[in-house]
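The first chain written gets the first letter, and so on, giving A, B and C; residue counts start at 1 in each chain.
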Amino acid sequence: MKQYIIKRLLISILVLFGVSILLYSIAQMVPGDYVTNITSGNPNITAEMVEQMREAYGLDTGPVEGYFNWLSKAIRGDFGTSFVYQRPVTEIILDYMPPTLALAGIAMVLELLIAIPLGILAARKQYSVTDYTIVAIAIMGISLPTFFFAAVLKRIFAVGLGILPISGMVDARMDYEGFALFLDLARHFVLPIAVFVITGVGSYLRYVRTNMLEVLNADYVRTARAKGLPERKVIGKHAFRNTLIPIVTLVGGMIPGLFSGAVITEGLFAIEGLGNIALNAVYAGDIPYLMGFNMFIAALTLLGTLVSDILYAVVDPRVRY
Amino acid sequence: MADKAQKKELRAIKKFNAARYREYNKTMKRKKVPESKYLTRMKNPDNIIEFDDLRTYFYTNVGTVKAVDGVTFDIPKGKTIGVVGESGCGKSVTSLSVMRLLQGPQGQIAGGQIRFNQQSTGRALDLTKAGIKEMEKIRGNEISMIFQEPMTTLNPVFTIGDQLCECISLHNPEMGKKAVEERALETLKMVGIVREGILKNYPHELSGGMRQRVVIAMALSCDPQLIIADEPTTALDVTIQAQILDLLRDLKDKINASIMLITHDLGVVAEMADYVVVMYAGRIVEQGTADEIFHHPAHPYTIGLMKSRPMLNTRVDRLYSIPGNVPNPINLPEHCYFKNRCESCVEACNGKYPELVSLTKTHKVSCYLHQNKQETGGEA
Amino acid sequence: MEDMQIRNQQEQDEFEQKQVILTPGQLVLKRFFRNKLACVGLGIIIFMVLFCVVGPFISPYGEAELFYINQETGEEVRMDSEELEEGSASGTIILNGRGPMSKSHWLGTDAEGRDVLTRLMYGGRVSLSVGIVVVVIELFLGVLLGGLAGYYGGKIDMIIMRLVEIFNCIPFIPLMLIISAVMFASGVKPEHRIFYIMGVMGVLYWAGVARMVRGQILSLRELEYMQAAEATGIRTSRKIIKHLVPNVMPIIILIATMDMGGVILSESTLSFLGVGIAFPYASWGNMVNAVNQSIIMNNYINIWLPPGICILLTVLAWNFIGDGMRDAFDPKMKR
């Protein structure tokens, strides 16, 4: 087990290394006068910073040397300075992480809480009206463009009915504190999370359903019934324990999707999180921030995969590393 | 044009099936059914199970498959009955009908009775009508089942102990944890497993033969009155097969249960069974004592089966095989299903399906060749 | 006795002849068309293609044609008309922005005074062609690399699979953002952006295809008939073309249909965010973008709702088709 984790960890580091090369070479494609262009209109950028940036992207040295310079700093957690915020990228990521994590975390939990029971229900009632309805809703959710759905919801709930705020994180006119602040935050998060969950839950739901169907057709489920176990126990114990195995792998694979979703949702609802900053960074040409952001996600994804691999061994006794 | 007619037919089938499914969801899924609905009387109190004109159909998208169509036979107390026939003849479906484990709503019991002589309460139940709750009390407790595939019948994520004790404590709620475990070890010992720590093992840690022993132990654990063994040795290799058969034969003497042994292996039947039922395309073509079936087979199909098995001491260049194929299970013909493969069919075979004729008290056959012998054979 | 048997034989033969034996391809088609939702999906796609390809020829307006209105008479003035010059100078003729739905403009005009319905047609062209081009690129790369990895195994497999992992652990949208930033910085012309976007998306999507194709080939290689083919000693090229390709085809077709919806969705998201297809090209995504102006969101639903519904319908249709395909190819794996 220990050996396996170490091996996986080493592979993850290798992959992360590959990610950094990929990202760096994309960033490398900027033209030579890029730094001059981007800094020319910005009075906040000092000559010293310009120098730093030229160095960071190997514009002065060569791409290879530049990469290693960048890498040696990156390993120490230094991804350079953001143009827009004039602060180290790492600091910005840490500062703006909470809303993103809250959004993605709540969405993830809700998605699982919806996908697992509904997926199991649909599988148990295969070919019934319930099943068709659930699957149809799932496909609808998958096919809904997030931005369009967000607009429709905003139009209905914020503009039309006026019961929910249209965007932002807190009501700027009010000065809430304590529990009232929390309630205000919650009100602002209702629509983003609804959009996030409804457009995201479909694929997981179908995944759970497919796997549950497979398990329900397995011989050991029939054995459990032949023992005289009540249906509740057959499903809840024997079948569920087996679907847990693919679900665990699913959780590890959710992370990239969650961040893609977070970027869009934050942008749509003007939530001050990592994704929104990333969007603004695109327009401002803030490449250091984008690099840091992507590396951060890649690392998180690899961590997620690692954790789900370990969990896999916990849930499935057949797997022994 | 043919396409249109076909489409119309398919639509008709769909509509027909939908009605069946609705009915199934209304009636079969009921948890509790009033006793009066399923209490019956046994024809013979010495029987443990009586199949009476059992019909189990599968309503598929292309038509109704009559997997079991009018099967009638009895299982006497303490006896072993062998059910033989080639794949797809309805043997397994018959056994699943007893346990009510058919894949509903496609597969359902369309008619007939399965009368079960419940000794613990002294009642006779019609299993086709009993509610789910009642069935759950019977399954694994009074009627238990051994499945074909030992590799997949055990749940891979629970230990042997978990799965075995679950069954015991479910049907004996008064037993403590210790007692349950003891009972589990005892049954494992009965099937010849005396390994330290076996209860803590997972199924994947055991070999196929060992797993089948565990499955058998599970079936025995609650002292059932009837054990249904659905091809218990087919998936095992030959040496293990012999071991498992020996085990079953020993157990048969040790326990006081009837066994319904389903197999396509005539050798296994010859060794184990007291009575034999031969099935073909969902119907019984011949039934009788093992001696009658093996030494005086009457139906051309049974004769063919006997000829097609390898024999010691007789030299043949090549084993006999019955020509042709099993008929399509959808839209079976009116006449005898075996007619087109039969070597000795007569003009009468073009008529409707032959009725079951008694040759002796126990020996019955459904074939026109024997129709006129009925008078000399004994009572109907 | 004898003729009885002959008659039996004849009956049997007749029975066998009467049975219609379908080729696997026919079976798949038959099962596909039995699926109602898949047929609906196919219908929507055919409609969309007609709407986008033929529509512009029927529409009397151009994609970027602006409309003006004479404030005094309330008459519409077209971009190339002669009145425009004098009218706009005197201030009587102004841009007909956010025009209402009318006989001449079924869906009204957008904020810049362009006909929404016509732009919808052109936008559909962009969205559908982006979908097709991206899928072709991803399939080319994915099948090639996945095939190599699956067929040769060993070191090649190791390297390719690590590459796949690298691509898999960066989410699409954030990666697209950094690429867009670079594109902005490099000053790529907006009208060329569409080609870059297509290329980049194709390159980013290959990893998933490669993984599936590799898996399929690995499991195929284990099958007996592949080993039998190997045992006959036929040439590698023949083995691949005759035995491997026909069996990988279903999964390739499946990926193509399933990804079509996803690609169109991603493209529209990027265009909406302003990092994808941009002016002068219309794309359904950037048409919905108008919703960011609160006055349009509140009062001019006719501008942003139709393109959104178009995206939804198209993606939905592809998903239905993909689902139908999966069921048709593998009836056991029903959804």
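In this text, a contact is a pair of C-beta atoms (placed from the backbone, for glycine too) under 8 Å apart; a residue touches a chain by one contact, two chains touch by 3 or more.
Because the structure is a prediction, the values reported are computed rather than measured.
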| item | value |
| --- | --- |
| Between the pairs A-B and A-C, the one where more C-beta pairs touch | A-C |
| Remotest chain, chain C as reference, centres from CA atoms | B |
| Chain centre separation in whole Å, for chain B relative to chain A (CA means) | 53 |
| Inter-chain centre distance, chain A versus chain C - centres from mean C-alpha coordinates, in Å | 24 |
| Of all residues in chain A, those that touch chain B in their complex | 218-220, 222-231, 238, 241-242, 245, 315-318 |
| Residues on chain C engaged by chain A in the complex (per definition of touch) | 162-163, 165-175, 177-182, 184-187, 261, 265, 268-269, 272-275, 285, 288, 291, 294, 297-298, 301, 304-305, 308, 311-312, 315-316, 319-320, 323, 333-335 |
| Chain C contact footprint on chain A (complex, rising order) | 11, 14-15, 18-19, 22-23, 26-27, 29-31, 34, 37-38, 126, 135, 139-140, 142-148, 151-152, 154-155, 159, 166, 206, 209-210, 213, 256-257, 259-260, 263-264, 267, 275, 278-279, 281-283, 285-287, 290-291, 293-294, 297-298, 301-302, 305 |
| Residue numbers on chain B that touch chain A, as the complex places them | 99, 101, 132, 135-141, 144-145, 147, 149, 152-158, 166-167, 170-171, 202, 204, 215, 218 |
